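What follows is chain A paired twice: with chain B in the first complex and chain C in the second.
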Partner chain A sequence: MLRSVQRTAEIVVLGPSFALQKRLLTHLCNEVVLTRDNCAFGRTRISNELELYFYGLGESDKSKDFAWDLVADKILGFFLLFNWFDGASFQKAMETADELSRRFDAHGVIAGDLAENLVPVNEKLIGYGFSISERIYFSLWNSASKASSRALMRLLVDAVMTHTG
Partner chain B sequence: MRHVQKENEIPIGVKLQLLRHLLTGTPPQSFLDNLTAAQMIAAHQFIWEKTLEIGIQLLGDKFSQSAVVKRIQSIEAYKIAAGCSEPQQRCETNACLDEHPECVHRKLKLQIENLCDFAAATLQLVKS
Partner chain C sequence: MVGLPSYKILIINSESAELEELARLLKEQRHRIEKSDSLEEAFQFLQRERVDALLFEPRLSDDRGKSFIDQLRRTYAEPPIAVIVLTEEADHERRIELLELDIDDLLQKPFDPREAMTRIDVLLGRMRPLVLDESGQGDGLSGSLMEMGVADLIQTVIIADKSAIIHLQHKTETARIEVQKGEVCGIHSYDQSAPIEALLNLLAWEEGRFSIEFRNEIGKPKLGSEDRARIAHILRSVEQLHEIIGEPFSLQTKYVANSSNFSGTLSSAERSVLLLFLEPSSIRRALALSTLEAEQVLQCIHSLIRKGLLLKTEDYRRAEDEQFVFNPVSGGTVLGAKQQFSRIFSLFRQGAPLISSGESPAGFYNRPRLSKAELMLIRQKFA
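Moving on to the complex of A and B:
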């Protein structure tokens, strides 16, 4: 009989606020906790052999201390969240996306949160993945919707499957 | 692994900005002025692809690529307006990038604006 081996896949969640990261994690994880240094952590078990770990990081300077060089090659991917209607949040996301793509070849999904303010956007575009590089998708996201959050996860898996091997 | 950006590539942040213009139906004119002519070629290619994606996503089978092409000022019309006597094929392939970068930039900027107009009209059409 084969012994089951539990493996973990790690995903980094970057975003302008703990609240926004927590919304995504709550929709994707069985368990979400706030760490002592005010970071969000979540995990979800896919099977007896696979568990996903989500690490939430803010965009403050403190987060730049995060050991990207150590983890970048082993993470499954990242989510970069921002508020779609907030110019400053978008600007910060642009800078972070540039920095990430310059330094690493990680797979990722950049998500613009509509925060239930869906009227200005056609619903057919929410959750659709616009490929913006070989490894990165952009999508509009409704953070209040579990289905929309799951669509982001599918995009990340798609990015990994499409651009691996 | 670090990614080395080539001269004619555009950063992810610029692509995000272009996509935001497309999805909000707002013109990107001044933003494009910051790009080099070589980057404009990449920006044009990106905007072209995303405009088609938006059209297909919103209109499905009713979408027609020729409707997009009709929106763009033809190379022939551009050459006449620019007073250019170079062969048309050179203009179509941006072959005079090194000799006339400002002309290539101007042409592609116009085309990108046309594409953004198409995307804005499509977004408006589907909304109404």
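Moving on to the complex of A and C:
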């Protein structure tokens, strides 16, 4: 049975790795649905009146095809995820970031995943982030850690709150 | 007894051991076998009597076989007679030559009896669509399950308010459904399975033959009242679905539900049913494959259709084709995912009205006007 909520906000999850998108959604959502063509949809209830929806767009270049106008009314922000240790992943993430900046001015967090790292990383470097523009933040992220994913979410909210005063 | 459809088959030159064996097998299947010793005699026979199929082994040394088939096709064009040729030729070219003689099927020696019988049944089933039974009583109906499914057959008898035995044959398997005064009162399956299970298996039969034997009385119901009620419910559900989606009876989905973190939008039963439609599939097949109770499967299919997650296969294909839409805003960018996302959005957004947009910032898009308190709530949720 579908539940009725009064207000929703939406978050788009982008990046060259669908696996990373799924991991983030699994960490942040109560419910996740995968589609055959590698899209992931998740939602989590914040209160009786407010619910967040997450859209993971998969590995292909769906950010260009995505129905941005359909989510535009309700978009809270986006996550752009990439593998910090993979040059190709970084390159694709940069291209997506360029595309986004041309088309769309929502708040967002660009996150470099450190889960594959072979050397220890100072925990304080993960999930805190810094702003790289008025609306966009960058952060390191440990995709194997639910706490790290939640920290990313807080970072996005902080970005929105800072901008809206 | 009318029983399974019976055909009249003429075998030419039955002195051949293999043809004799085929004649024996066909007789066992209750087909009527006629024999003639030569092509000439066969033609004389055909002038007197009508047959459904001819079975013979043409000689390689002359082209009398070809002349015979030519004459047969000219003389008996409609309704056609099925011509089945037996050959020991393994040579590819020779087999093609035989097929070019305008024959309907070719059995190569040595043949597997089951395969041979199945091929002959399928061929005859295709060549003779739904016809009134020729028993002379005018009280029977026989035909191919490709034209009338098992559910349709039962409904036909029920709507006619008659009592009848429906005989079914699918390959080498047979079954019998007894209907009395608007109600299924007996199901006898080839594998002796329980009635409900048997019915579900039978609903999945999409090929084969049937015949309906109308009777004044069937006898005492062999099914209990509970089973009869369940069967009636299943048939009603199938009929309702039929009304919703029409023909072809095929559905498809592109959505896969993740089992671990999914609790609200789809039930576990719905998820399992959805998985049955990753490829185009009929409801009958889903009923046969699912481990759930039939009523539950049908209920889930209803629900998934309502939620937009199951589409008629033809609509699914059309939607796929329509993905290539010119987008004037992006200057020709292909909006491949738009329809797909809009479908998902409509599912997710049910009961959740849009948040009104604030003033548009410098960019192209708006964003939701969440209050600071709401943002704090979100932050707290992920603390």
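Throughout what follows, the second predicted complex is superposed on the first by the 144 of 165 C-alpha atoms of A that agree within 3 Å, B and C clash if a C-alpha of one lies under 4 Å from a C-alpha of the other, contacts with A are read in each partner's own complex, and residues count from 1 in each chain.
Just so we're on the same page, contacts are C-beta pairs under 8 Å (C-beta built on N, C-alpha and C of every residue); 3 or more make two chains touch, one makes a residue touch a chain.
What you are looking at is a predicted structure, and each value in this text was computed from that prediction instead of being measured.
*Asks:* As a test of reading the superposition: which chain, chain B or chain C, is in touch with more residues of chain A?
*Replies:* Greater contact footprint in residues on chain A: C.
*Asks:* Please indicate which partner A:C39 is in contact with in the superposed arrangement: first for chain B, second for chain C, both, or neither.
*Replies:* Second partner only.
*Asks:* Touching A:I110 in the superposition: chain B (first), chain C (second), both, neither?
*Replies:* After superposition on chain A, A:I110 lies in contact with chain B alone.
*Asks:* First (chain B), second (chain C), both or neither: which does A:D158 touch?
*Replies:* Only chain C; A:D158 stays clear of chain B.
*Asks:* I'd like to know which partner A:N122 touches here: chain B for first, chain C for second, both or neither.
*Replies:* first
*Asks:* After superposition on the shared chain, which partner residues are touched by A:D98: those of chain B (first), chain C (second), both, or neither?
*Replies:* A:D98 contacts chain B only, not chain C.
*Asks:* Is A:F90 touching the first partner chain B, the second partner chain C, both, or neither of them?
*Replies:* The answer is first: A:F90 touches chain B but not chain C.
*Asks:* Touch check for A:S133: first (chain B), second (chain C), both, or neither?
*Replies:* After superposition on chain A, A:S133 lies in contact with chain B alone.
*Asks:* Return the residues of chain A at which the contacts from chain B and from chain C coincide.
*Replies:* After superposing on chain A, chain A residues 73, 103-105 contact both chain B and chain C.
*Asks:* Quick check: in the complex, which residue numbers of chain C touch chain A?
*Replies:* Going through chain C, the ones touching chain A are 254-258, 260-266, 278, 329-330, 333-338, 340-342, 344-345, 347-355, 357, 361-368, 370, 372, 374-379, 381-383.
*Asks:* Which residues of chain A touch chain C in the complex?
*Replies:* 1-10, 26, 28-37, 39-44, 46-47, 50-53, 55, 57, 62, 64-77, 103-107, 150-151, 153-154, 157-158, 160-161, 164
*Asks:* Under the touch definition given earlier, write down the residues of chain A that touch chain B in their complex.
*Replies:* Within the complex, chain A contacts chain B at residues 73, 90, 93-95, 97-98, 100-105, 110, 112, 120-122, 124-125, 128, 130, 132-133, 136, 138, 140.
*Asks:* If you look only at chain B, which of its residues touch chain A in the complex?
*Replies:* By the definition above, chain B touches chain A via 1-3, 5, 11-13, 15-17, 19-20, 23-24, 46, 50, 53-54, 57-58, 123, 126-127.
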